[in-house]
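Listed next: structures, encoded as structure tokens.
What follows is a pair of complexes built around chain A, which joins chain B in one and chain C in the other.
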Partner chain A sequence: MGDYQFHWIIVYQALPQMLKGTFVTLHVSLLSMFLGIIIAVFLSLGKMSETRILNIIPNIWIEIARNTPALFQIYMAYFGLGAFGIHLSPYVSVLSALVFINAGYLAETFRGGFQSIPSTQLIASRSLGMTRIKAYRYVVLPQMFRRVYHPMTNQFVWSILMSSLGILVGMGELSGETQRLQSLSFRTLEFFMVAAVLYYVVTKSVLLCSELISKKIFTGDI
Partner chain B sequence: MIQVQGLHKSFGNLKVLKGIDLEVQKGEVVSVIGGSGSGKSTLLYCINAIEKIQKGKILVDGIDAHDKKTDKNKLRQKLGMVFQQWNSFPHLTVLENVTLAPRVVLGQTTKQAEDLAKQYLDHVGLGDKYDEYPTRMSGGQQQRLAIARTLAMKPSYMLLDEVTSALDPELVGEVLDTLRLLRKEGMTMICVTHEMAFAKEVSDRIAFVEKGIIEEIGDAHQVIENPANEKTQRFLSKVL
Partner chain C sequence: MGLSLFTPLSWNDTGFILTGVLNTLYISIVAIFLGSVLGMVVGFIRSISKQSFNLFMGAFLDILRTVPLIIQLVLFSTYVGVIGWPLNPFTCGSIILSLYTMAFMSEVFRAGFESVSDSMRIASRSLGMGYWQTIRYIVLPIGMRTVFPSWIGVSLSVVKDSALVSVIGYMELLRTSDQLITRTQQPLEILLGVGLFYFIISYPLSFFGRHMERKMAI
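Right after this comes the complex of A and B.
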């Protein structure tokens, strides 16, 4: 105890690779958010639909996504599907697991957002001759996205942190890359401390950017 | 011309309209009066095909509003509707509120739509509010915005559902003035209203509705001053 010698130079030399891992982390979580948001819009609309058949898939999706561990999703995608002869790369496994979970969580968030918009907004739009799709596109969705913007940002941060589970399937994101690098030198503590700092910087930057973006695009009141 | 023939409408078991016949000529202003829950709003929603009907027919310029083959969106472009709650789009500026439908429904360019929107906004007295957000305006201003937004679609008819009844008393006048202006320009209107004096002033005819039936319809002055139907008399004695 107390006589651990820190050797930072190795970590310093490996920094470019760690930054590359950071980029992969950001990449996979950003993409998982993008796809997750699109799917979540349809899941939440399906769940709210009065046509029973359209409730089925959203219900099952949301239940599983919200009530099973992320680890399980990633294992299912990587090893589970392998049993059926579907071999996904580590990147695609982690991506699809994150998309699955993001869509499930965001669907419920979006449902709350949709329900907080008075139905008269839709009626007013339709009375101006807009089709249902146009009314959603120009009137309902923009307002819904404002209301769920902050929970959406939180989901993004969650995705960044959860993508670290990529370490389990040998994905080259920040955690996986850190794991590989430290195993070459056994400077475990140094590598993971730097990784923690990088995660912190990334999530803080994301929060800051999303704040700036919201100021830029959300003019006016809700 | 708007023709309502033998219209029946119910919500589940609740019969709301029980055989409405009404004809509104081009250029005419018809007010609909009656107690709460008598089905006045529902009538407008049926004309606009926002609500489905069970029986009867509604023809707008001869087009069957509830025929499956009728393009409801096209139909609604002809029928401008203004609601009791003005329903401004809170995420858009005043100008954008007005240009949205002309752009995305009629395919106007932003420039075209803006030029036109400015004309209508000036017309309803909002010429200094283009870049304001509706939620920062008074109810009267938001209601005039709703009227401008509807006019920008160049409707042939206006359906107005108690457009002043959610307003503070001191704001009612400015909205009524806007409607007077429309009347003067020859806009065809069906006004559901609680403002009897206003109805008498601007309408050609007034229809009194009770329990889903038009109990009396006739010349505006006659219906208010000299109602023939006992039920109209009873209603008016309560509200006047």
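Right after this comes the complex of A and C.
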């Protein structure tokens, strides 16, 4: 370890600010998930529609979101949009990049989930006297939700991890806050170790919660 | 006097951008190669080993997967500096990126190895093949076939994640473009070019991967 001296007291004093950063991380990823899900529903509906023109925007959106780095999208939102006179704050640019990515990935997830339900089930429920809306509400959507639940959890974890890119545009989430705090004292190793632990704890608790919820709501087998 | 501090983008910058492109490809290929080899070994061990070892190995892989790559890179490059073996950004970046790739590849390969049913192994053993012969001629060819689409998926995500190595000072594509933006103040043109580059690499391969997935689905 050489003659390196750990100074944990500085990190300990800065812990409230780091926890505030953790809160911002959770906040931005939750919000990006929420907005991403809403957009993804429309994108997947557009992609599945028979009308060709409606396919265009979802196709472009999904392919760009899936095939370019998240960092590129954040740069695009933060620097690139300046060319159009749109100047976003770090928080909004990271949020919009995350929403863009989440919507792209989730649209494909939803489409896959929807198409995994055989169309015969819809026909069967219609022939049992259900209206179209009831058939979707009670037969198709519950099964679909069950299939997209775990991919959605994964996407949420990805959002938490990707929000760490806020460090590069000076956003005040966990990594950005850590970067700012360590620049005051240059105890880089200590600060980033604590940040890593915080990320681990946050991600693990999200996964644990999702597991508990899924045990609670998905009873019986398909 | 109309003196400008910024010089616009010119053809002289091609070499600089090309360096970035090559560096991105270089570190991605190194990470994919090392990550796949390590991931195959770890995935194989995890598919055959006992619970206790899996618990230990699983915890390590878990950390690699749940701590953001950017934090891992900063931590590792600071750590090697602190213990007195400073590494250059390329070595540092490729070590972390390879380990990160390994964490994902090991799951992919484990699923591949486990997809080969026990009865197939038993059948090949009963035909007189040895343990390693079974692995070499039965488990590997069949298992690898099924993991190919997900292997492409993970590899592509590594190409995209390699952009993060810029934080420890490796001159990959996004960092060169960042520096060009600082000089030219033309973010849109440069970033569009960068995006196009990633898209051109990633899109055909992901298309191919999805095609293979459909073809291999039984």
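One rule holds for everything that comes next: the second predicted complex is superposed on the first by the 197 of 222 C-alpha atoms of A that agree within 3 Å, B and C clash if a C-alpha of one lies under 4 Å from a C-alpha of the other, contacts with A are read in each partner's own complex, and residues count from 1 in each chain.
By our rule, contacts are C-beta pairs under 8 Å (C-beta built on N, C-alpha and C of every residue); 3 or more make two chains touch, one makes a residue touch a chain.
These figures come from a predicted structure and were not determined experimentally.
S.K.: Looking at the overlay, what does A:L15 touch: chain B (first), chain C (second), both, or neither?
M.R.: The answer is neither, since A:L15 touches no partner chain.
S.K.: May I ask you to decide whether A:P142 touches chain B, chain C, both, or neither, giving the answer as first, second, both or neither?
M.R.: After superposition on chain A, A:P142 lies in contact with chain B alone.
S.K.: Is A:I60 touching anything from chain B or chain C once the two structures are fitted on A? First, second, both or neither.
M.R.: neither
S.K.: Of the two partners chain B and chain C, indicate the one touching more residues belonging to chain A.
M.R.: Greater contact footprint in residues on chain A: C.
S.K.: May I ask you to decide whether A:L168 touches chain B, chain C, both, or neither, giving the answer as first, second, both or neither?
M.R.: Touch partner of A:L168: chain C, not chain B.
S.K.: A:Q121 in the overlay: touching chain B, chain C, both, or neither? Say first, second, both or neither.
M.R.: Touch partner of A:Q121: chain B, not chain C.
S.K.: Looking at A:C209, would you say it contacts chain B, chain C, both, or neither? Reply first, second, both or neither.
M.R.: The answer is neither, since A:C209 touches no partner chain.
S.K.: Would you mind writing out the residues of chain A in touch with chain B in their complex?
M.R.: It comes out as residues 118, 120-121, 123-131, 134, 137-139, 142-143, 146, 218-222.
S.K.: Could you pull out which chain B residues touch chain A in their complex?
M.R.: Residues 48, 50, 73-74, 76-77, 79-81, 83, 85, 87, 89-93, 100-101, 104-105, 133, 135-136, 146, 149-150, 153 of chain B touch chain A in their complex.
S.K.: For the complex, give me every residue of chain A touching chain C.
M.R.: 1-2, 4, 63-64, 66-72, 75-76, 79-80, 82-84, 157, 161-162, 164-165, 167-168, 175, 188-189, 192-193, 195-196, 199-200, 203-204
S.K.: Which of the residues in chain C come into contact with chain A in the complex?
M.R.: 63, 66-72, 74-75, 78-79, 82-84, 156, 160-161, 163-164, 166-167, 174, 178, 181, 186-188, 191-192, 194-195, 198-199, 202-203, 206
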